[in-house]
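Heads up, the next two complexes both have subunit A, just with different partners, subunit B and then subunit C.
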Partner chain A sequence: MIGGNTVSSEILLEIKDLGIQFKTGEGTVQPIRGVNFSLKKGETLGVVGESGSGKSVTSLAVMGLLPEKKSKIVSGSIHFNNNDITNLSEKQYRKLRGNEMSMIFQEPMTSLNPVFTIGELLSEPLKQHKKMSRKERKETIISVLKQVGIPRAEEIINEYPHQLSGGMRQRVMISLALLCEPKLLICDEPTTALDVTIQAQILELMKHIKKEKNMSLLFITHDLGVVAEMCDRVVVMYAGEIVEIAEINELFDNPLHPYTKGLIDSLPTNNARKSTLYSIKGQVPRPDEIGTGCAFANRCPHAFEKCLEQSPPTFLKGEHLSKCWLQESELQGVIR
Partner chain B sequence: METSTVTTNTVKVKYKQKSKLKELFRKLTRSWTGMLGFCLIVLLIILSIFGDWIAPFDPMDAQLRDRLLPPLTDGHLLGTDQLGRDILSRIIDGTRVSMIIGLATAFLAGIIGTIVGVIAGYYRGWVDVVLMRIVDVQLSFPFILLVLVISAVLGAGLTNIVISLALAGWVLFARVIRSEVLALREKEFIIAAIATGVSKFEILVKHILPNIFTPIIILASLQIGTYIIAEASVSFLGFGVQPPTPAWGNMLNEGKDYIFNSWWLITFPGIAIILTTLGINLFGDWLRDTLDPELKGE
Partner chain C sequence: MTETLLEVKHLKKYYEISRGLFKPKLIVKAVDDVSFSIKKGETFALVGESGCGKSTTGRTLLRLTDATSGEVLYKGEDIMSLSYGEMRSLRKEMQMVFQDPYASLNPKMTIKQILMEPLRVHKKYSQEERLKKIIQILEIVGLSEAHLDRHPNEFSGGQRQRIGIARAVILNPDFIVADEPVSALDVSVQSQVINLMLELQKEFGLTYLFISHDLSVVEHMTDRVAVMYLGKIVELAETEELFKNPKHPYTQALISAVPASHPKEVKNRIVLTGDVPNPTNPPSGCTFHTRCPFAMEKCKSVAPTLTEVADGHVTSCHLYINNKEETSNAIIHSKV
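After this line comes the complex of A and B, so read on.
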């Protein structure tokens, strides 16, 4: 059961043809090229890919957290709740952050400021966005902490982050993100730093909260197991591009892009003891190494001449989108 | 009914605050180094406030007949100097000047250095480049030379010596604080705070400043000793505190001519400087350990 029943058709977040450029010592590189996807209200969208595929940069762009001087959105737009937020001023963005959209970070150990107590940390977004008395704030904080399953919340608010375990800190991070009841919650690998049992608890908790508050989740991870657990739809990114978008079951049953196939094959399974796990050879190319042709061509087991010469367009098969020349033969409809 | 609840509340709050201070003091008693530093500082503060009543002789009273008396003669516990003035009384009286110079300079230099370091480290860009080049230029001059130049321009006197020491000393703070801020601004918790909608300025004041408190304290406590000694060197060349006002620095310098036959002239002011620096360092160390939440309870 993947809370699919609460997904509405209204679109909350839409990214159109997004391109992001970074300045480096040797000129500019473009780690994000032509990214298109949309997130519906109440939906959980997974974004998967290896390190360096551009998932985190995309999520930071949505939050407006890209380093100002070093990066630039060179093309495309980001729409949130039917407003173009691509070129919002810092001041306008601040009203969104923590209020309409929140983010949970990967590393709960370093994401909480060590000099503040949990109560002080949690009162910050409320002070920023809501007009509340001290007492109301305290009550809200305690109730949110209880929602995320923290026992003895009344005492925890007087403790410092280092006094809590990793799982507890991630719960605090989640409650920090939930305080103002945002419409969009971006999770940047929220369980990567946790051990497996805690990971399962946190995922369960997030699913539960998402359903309760009817939020949209943008779930960034490299763990396909987590994706299968959490998401309604999946975006697969490779080297700054989207290579495949599909509904979750469709993606696992019928992956179209060789990269997605490779990712799925490299998962360990519990019914067959493979002696060695499959791995995709090579690494994600650096943004400055990408030439003409398909970015995945040099690692692709099915690559042929055309792949090296021309970048593939996006092929659409029903709701299932993929970017691979192999689909040309079964061509259903071409965008661009 | 209404009033009674209010009173119990205030009583509770008061009790809580008191217990916090008590808690801090209880922690202090558990660390003997911290306690030693604390006692030395308290002693110095008492001496600088009540020095006039404590000193057995008038520190300015020159009895040329009693010059260069060794310690423990004629009631002069630490002997007399080349003009027959009681050394103990002069050390006690000099505490005030040395403490003012050490603390005021560290405070002033700390403030200037922190402001510059934080701006350079947080806003980066050309501001950083300009400020850090100024720091570089200043660091390429020897500290004492710079103090001399500035105090030569400003003239002698207590206030001016503090200003010139601070103007020469802030660069060290700026450098250290900048690097701390540079490391901090890339920390995930800062990005996480921005992601909750906190403004840039608030990030700086509420999230970064409390985190650099520790290095500021340590650096300041280390520098106080340096400033007291630097003041001595400057006084030697006539730019510092003017004689006959006793300061540990100029006592050292006046006494150095007699080092071979009257050792007590420089030994006791030297010990006073060492004890002061030691006390402040020990206390600063303890303070850091206690205030840093990550080290709490260890």
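After this line comes the complex of A and C, so read on.
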């Protein structure tokens, strides 16, 4: 099932050769290396990867939320709506954030300020970005809360976040992000902290809202099942690099990178009951452990000498990108 | 295989919430009259959403929290009546693996100390034999002698969970309560840990109580499943039977809420409305009637009892208590 049906060819967000450096006690590490992707208007792009793969750091960079003193964009650029936003000042960013782009965070428990009522929380972006009277604000807030399926919205605006359940809080987060009708919505693991039945509700809601408002969604998750349901295209990240980009059906039918294959094969539903699950050996390397070769080489079942020596370039096969030496020789041959 | 290892009869665990001196105490029925039995060598799963009482059930079985009433027969002996000392020595046969590998290992202890502790407490083996045993178990779970003097913070999540499992298995227990052992882990590491648990089960003939909310993992590795909702078991069946032929509307919704494993997979989803009700004030009658798509008038007042619908498959729902004609009427009626 593909969420959007009105994907245009216009590009809303483009990230070119992005590199981000972090200062640590012992020097610098570069958790993001050469990240390239673009997001079209009305598209849902999934970003998949395990913890430490750099998916959240990338999204924070887009929002201009990287810690100022500790991190630096060392290469590349981020273009949003045909403007270069890589080096915007904090003041300029404030005009974008919450207005043209907004973000939904993973933990609905910690990302809402507990000392404000829901109404106060929700009026903040409107005060920042829109000239509205008090009454108009209240009306807007109530209508947005109703859109995301919150019952008794008129009462909820006077309640505090702790009075709501996890699913309700995530709905409040979504309404907070939607208030100014942004063009881009970044969702960082929006359903990971929720129960399956609530997750299903929230995913349905997001599909519905996306269609209605024709937004672009950058959907960050580690759950391939959620990706399969929500996204049009998928970016697979591993250890700070993009290893594969493909259209959703193409990715599941014909994954090119051994890491993507491994992830799909290790889903319990793709293995016979009670059998030994397919698993990728080892673990994600820390940013300071990555050497010269392919970052995945030490876990890869197909690794050969070249993989250890040289980092592979990105190979293109139609619309399907992958960063693996296997593709070099197999460009003319069979895959899998 | 048919020998019963553990039998739980009418287990109840109520928590009291004090609301001040003169107000009556609130009672939360975390586990409310739960009965089931676990056969030797099988993996028995408890599934449900957060707050349904599955973890509390697991903990009361090991008497990590004391039950309000009920019986737990382990190898025919009621462990609820054992003294503290007797229970403590029985725990060498019953162990637990916890959810969060970051919180369940003492950060000040080395791996050697962590694994030595159970042997020391239960006075097993001589000093040198203990060390040999520890190295042996480390190798079984995929770590090595080199890790002996390290502290938990030096390990990744997957490795920590392996240590947690090693600590549980080192005493050669018969029964292990695994409380969400893989839900804090990344996808590629999750499959490694599941494989380890399956291997250990074969090797040591372990019996697992597997507590999880991840239905795809449950489907893969368990033999029988009990579905809990608000402290009660609403359905219990063999795993394959349950997934093929779920009876209770809650189970049906839960299974349908699992994300698809392929974008082309079309799911007939039952999206439940609302959240899990407040456990201090559970709904009257069938506790699920507030969210049930098939709720009838009767459900609001009369609580259903567990009835057998097929061999070894029980469910508590009014839909299956009446005769067949009435049942189909009820479903058709509620669909309109």
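One rule holds in what follows: the second predicted complex is superposed on the first by the 322 of 336 C-alpha atoms of A that agree within 3 Å, B and C clash if a C-alpha of one lies under 4 Å from a C-alpha of the other, contacts with A are read in each partner's own complex, and residues count from 1 in each chain.
Basically, a residue touches a chain if its C-beta (ideal position, glycine included) is under 8 Å from a C-beta of that chain, and two chains touch if they have at least 3 such contacts.
In this text the structure is predicted, and so the values were computed from the model without any measurement.
Superposition of the two structures on subunit A leaves subunit B and subunit C fitting side by side, clash-free. Touch criterion not met for A:181: it reaches neither subunit B nor subunit C.
Set side by side, subunit B and subunit C differ in how many residues of subunit A they touch, and the one touching more is C. In the superposition on chain A, A:95 contacts subunit B only, with no contact to subunit C. Contacts of A:114 after superposition: subunit B is touched, whereas subunit C is not reached.
In the superposition on chain A, A:222 contacts subunit C only, with no contact to subunit B. Of the two partner chains placed by the overlay, neither subunit B nor subunit C lies in contact with A:14. Within the superposed three-chain model, A:165 lies in touch with subunit C and out of touch with subunit B [touch as defined at top]. Superposition on chain A leaves subunit B and subunit C with their closest Cα atoms 6 Å from each other.
Touching of subunit A by both subunit B and subunit C, each in its own complex, is seen for no residue at all.
Of all residues in subunit A, those touching subunit C in their complex are 1-2, 50-51, 165-168, 195-201, 203-204, 222-226, 228-229, 248-249, 252, 262-263, 266-271, 273-274, 276-281, 283-284.
Touching subunit B in their complex are the following residues of subunit A: 63, 65, 69, 90-91, 94-99, 102-103, 105-107, 110-116, 124-125, 128-129, 160, 162, 173, 176-177. Of all residues in subunit C, those touching subunit A in their complex are 49-50, 156-159, 186-192, 194-195, 198-199, 213, 215-217, 219-221, 239-240, 253-254, 256-267, 269, 271-273, 275-276. Residue ranges on subunit B touching subunit A, taken from their complex, read 124-125, 187-200, 206-207, 210-211, 213, 293-294, 296.
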